[in-house]
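In order of appearance the chains are A, B, C and D, and numbering begins at 1 in each one.
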Amino acid sequence: MYTDKVMDHFENPRNMGAIENPDGVGEVGNPTCGDMMRISIRVADGKLADVKFKTLGCAAAIATSSMATEMAKGMTLDEALAMTRNNVAEALGGLPPEKLHCSNLAADGIHAAIEDYYARHPEASKS
Amino acid sequence: MYTDKVMDHFENPRNMGAIENPDGVGEVGNPTCGDMMRISIRVADGKLADVKFKTLGCAAAIATSSMATEMAKGMTLDEALAMTRNNVAEALGGLPPEKLHCSNLAADGIHAAIEDYYARHPEASKS
Amino acid sequence: MSDYRQIYLDNAATTRVSPEVFEAMKPFFAEEYGNSSTLYRQGREAAKAVATAREQVAGLINANVPEIYFTSGGTESDNWAVKGLVCGERCGAGRKHVITSAIEHHAVLETVRFMERHMGCVATVLPVDEYGLVDPQTLRDSLRDDTALVSIMAANNEVGTVEPIRELAEIAHDRGALFHTDAVQAAGKIPLDVRELGVDLLSLSGHKFHAPKGIGALYVRKGVRLGSFMHGGMQENNRRAGTLNNHGIVGLGKAAELAKKSLGAETGRQRALVEDLWKKLSAAIPEIRRNGHPEKRVPNILSVCLEGVEGEAILLRLDMYGIMVSSGSACTTGSLDPSHVLLALGLPAEKAHGSVRFSLGQESAQEDIDKVAEVLPKVVSVLREMSPTWNG
Amino acid sequence: MSDYRQIYLDNAATTRVSPEVFEAMKPFFAEEYGNSSTLYRQGREAAKAVATAREQVAGLINANVPEIYFTSGGTESDNWAVKGLVCGERCGAGRKHVITSAIEHHAVLETVRFMERHMGCVATVLPVDEYGLVDPQTLRDSLRDDTALVSIMAANNEVGTVEPIRELAEIAHDRGALFHTDAVQAAGKIPLDVRELGVDLLSLSGHKFHAPKGIGALYVRKGVRLGSFMHGGMQENNRRAGTLNNHGIVGLGKAAELAKKSLGAETGRQRALVEDLWKKLSAAIPEIRRNGHPEKRVPNILSVCLEGVEGEAILLRLDMYGIMVSSGSACTTGSLDPSHVLLALGLPAEKAHGSVRFSLGQESAQEDIDKVAEVLPKVVSVLREMSPTWNG
């Protein structure tokens, strides 16, 4: 049911962990639903210099975390905010329909981390 | 479902045919039901000197015809009249329950032939 | 006499699993035994094999892959089609009337009777003509505004008559009824195209075309709201519960693929053998009569009635020569009435009792036909000699 | 990593067909393929094999031979038991109430729900305690004068808890209700004696004890008036229509015979392996919890919950080492809620998501246990390291 790409990111997740003294943190999901994600980011020059995740969840949740952080790294904040759930699923070669709810988390988590960054840095203006 | 004895009598029926100028003939069954039997007998000294059958019907009908005529041959008329359906089924090592209706025919046919004999020979008294 | 070559002419009852089918199934017993709904590799492999089989079955009847649901056989497919429709959504919509024909298999007829007796349905059972054909006009006249379902078989299992399904389905649709066809005897025997036929539901059974027993399928046209029959787990898109019978499914798929490939050639070959058999038997045996439609029929069935003899006796006498056939005699089935199909064709009971069905399969050969043509006349004359209704 | 020896610990999902079973079945595909309800020699041979299998299955549960009916699996048996009783004779007698438990398999639960939604039945679903046990007193209190049926499983498929069937059946009978038990996970695992248990109906499924998929049985105590579920031909004493699945039936019979023979020894062996596994896992992994009853359980199932990880992820990580298990996580099944069984035991959803089930079979060996004891701690710590809810 999972594509080889999903399995690769599940078995060898990229960007796993937590950034020390991050510029922003996003937490989405709910352990009651079996899925929870914490994204931490470091911002430099208006770009995502680093993105890391910690995820509780199924293979799809872990793989999308890995893929989404990989994609986000190096993006401007605007670009990252424009990243959608579908971009991530597509990059993984598709996800089973019943897994879409949890794979939504990754993009949401990155967005939340950026919002958190803006909240901490009111001087950085959103475009 | 059939015993070896039934199959033997079906494959090699005894007493098949019609007696010429019989002393009595009994006809039972109904082709609409798929089974019909004509028994002809020759009587000598109050005994069944010969018994023959013609049967339209299933293997059980044919085997019971064969067995019943075999058993009846040499019996006194009274003995033959006392012969029951069960005697015949037992002699064949049993019959499937759904076949009992047709296997009843054989004893009935012999009884009918004896009745016919009595009807033709009022002087022969039933005991 | 039992050392004769076995001549199996009862393929409409069940068939031999073909070697390719057996080979395809074999790994699924003790190697790829994983449950096809689990996630680990072994289960995924099984799921892939099931997906391939679904494609193969869809291919046989020109369905879309997700329209194929696996069942435990023709009987389950028929039960599901009738009960799922009438008892499910449609019934709620106030449609309680079902139409079927007098010559359906018991899997349809008894199910319809159950729905009548216990579920508040009303059924109309259409008569057939002397060839076993349902008259489209009679169907048209029988349809009601509350007709939920019309269920007419694609080919009859006793006499082989092929019904005008396309026309009948169109008539049913004109009045808003859905159409189910029991194609258990047609699948793999004649071309079947669900789109062209326009049917909503179609039943088939593996063991009738060289797949194993215990596996079948129901085609459910996309969009048809069919209630479940087998409740439980979420298998088969949540429509048919139960752990998938992987080996059976793989076997069914393979058999469907093979049947599709050989359809044209086999049809011609078997039809020629059947015609040859009939020619020889009718020349050699007096008072023999052929049942069913002379042209509108599956290629592999020859049903005959023999005056003055009884079917079971013929069946068992032929078995002495290693020839296996079937009979529509009541005595064979343990019921009191002979075949409801032959009676519905208008045959009197005494003739129906003397019926024999020869049904060919992919292994049937000319020598089998020749043997039957040699043996049956002997068997019939032995039995007729025994019979009080012959030459009286 | 995929060249590890395959370690199959998902026998509660399905089992490998054992070699003896395969050998017993083999002739019925392409040699003895005759229909077991025909009269010629080949059909009679098949009928004999079916009769032997019926004896073997009856032997496993101490039933009388004619009380065994073959079905297509556990799901069909469960559907039949519930629908045949409630919808059949009993329902006519005004009994419309059904009692079942919250931890039944979906084959029972969904069937009961269907009866409620569409057939006018009323259901009571009994809760269970933290070990998964049904309380006899609760059953007593729930019985009504119109209770037709009580259906409680013999052993639960997720946590392995064995219910007090004998006591529950007696309580049901005291109020004139009939008693069905889904023994799909119990058959071949623990001794089952229908006389001693006093049950009226019992379901089992072949593929759970080394027979093939697609075959099962329903025990129907003599005298129980059970309506048909599968309508059609007169097979199975006119109670279950459909051409008999000869190879499946023969395989089920053989597996039943083998299971009966090895029951005592296998039970002990598997129980010891399970205890060893639990001892090793609980020593090596912090925050691991065992589910189900510590003593009243089948020997072959170990269910655990692991804090801070999710079941599907464990399942797929174990698969990388060739270890096959099952999980009660919602993510595995595609539904939104985790296992209804774990929730019914009172586990909060976040714990239920982190559950894993190891289920042993006749081929499970000490080395498999050792491997799991070596691998699982590693897998869990990798996943916990990834988890935001662990050491947070």
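Assume contacts are C-beta pairs under 8 Å (C-beta built on N, C-alpha and C of every residue); 3 or more make two chains touch, one makes a residue touch a chain.
Since the structure is predicted, the reported quantities are computational estimates derived from the model, not experimental observations.
Engineer: Taking CA centroids for every chain, report which one is farthest away from chain D.
Structural biologist: Relative to chain D, the chain whose C-alpha centre sits farthest away is B.
Engineer: Please work out which of A-D and B-D is bridged by more C-beta pairs in contact, and write that pair.
Structural biologist: Most C-beta pairs in contact, of the two: A-D.
Engineer: I'd like to verify one number: the distance from the centre of chain A to the centre of chain D, where each centre is the average of its C-alpha atoms, in whole angstrom.
Structural biologist: Computed value for the inter-centroid distance: 41 Å.
Engineer: Quick one: report the Å distance separating chain B from chain D, using the average Cα coordinate of each chain.
Structural biologist: The separation of the two C-alpha centroids amounts to 56 Å.
Engineer: Nearest whole angstrom, what separates the Cα centre of chain A from the Cα centre of chain B?
Structural biologist: The separation of the two C-alpha centroids amounts to 92 Å.
Engineer: Distance from the CA centroid of chain C to that of chain D, rounded to the nearest Å?
Structural biologist: Between these chains, centre-to-centre, one finds 33 Å.
Engineer: Which chain C residues reach two or more other chains?
Structural biologist: In chain C, residues 39, 312, 316, 332, 334 touch at least two other chains, as defined above.
Engineer: Any chance you could list the residues of chain B touching two or more other chains?
Structural biologist: Within chain B, no residue touches at least two other chains.
Engineer: Mind pulling up the chain D residues that touch chain B in the complex?
Structural biologist: Checking each residue of chain D against chain B gives 39, 44, 47.
Engineer: Hey, which residues of chain C end up touching chain D in the complex?
Structural biologist: 2, 6, 8, 10, 13-19, 22, 29-30, 33-35, 38-43, 72-76, 78-79, 87-88, 105-108, 110-111, 113-114, 118, 205, 207, 212-215, 227-228, 230-234, 241-248, 312, 315-316, 318-319, 324-326, 332-335
Engineer: In the complex formed with chain B, which residues of chain C make contact?
Structural biologist: Contact set of chain C toward chain B: 308-313, 316-317, 320, 329-332, 334, 336, 338, 348-350, 353, 385-390.
Engineer: Inside the complex, what are the residues of chain B that reach chain D?
Structural biologist: 1
Engineer: Under the definition above, what is the set of chain A residues touching chain D in their complex?
Structural biologist: Going through chain A, the ones touching chain D are 7, 10-11, 13, 16, 27, 31-38, 54-62, 96, 98-99, 101-102.
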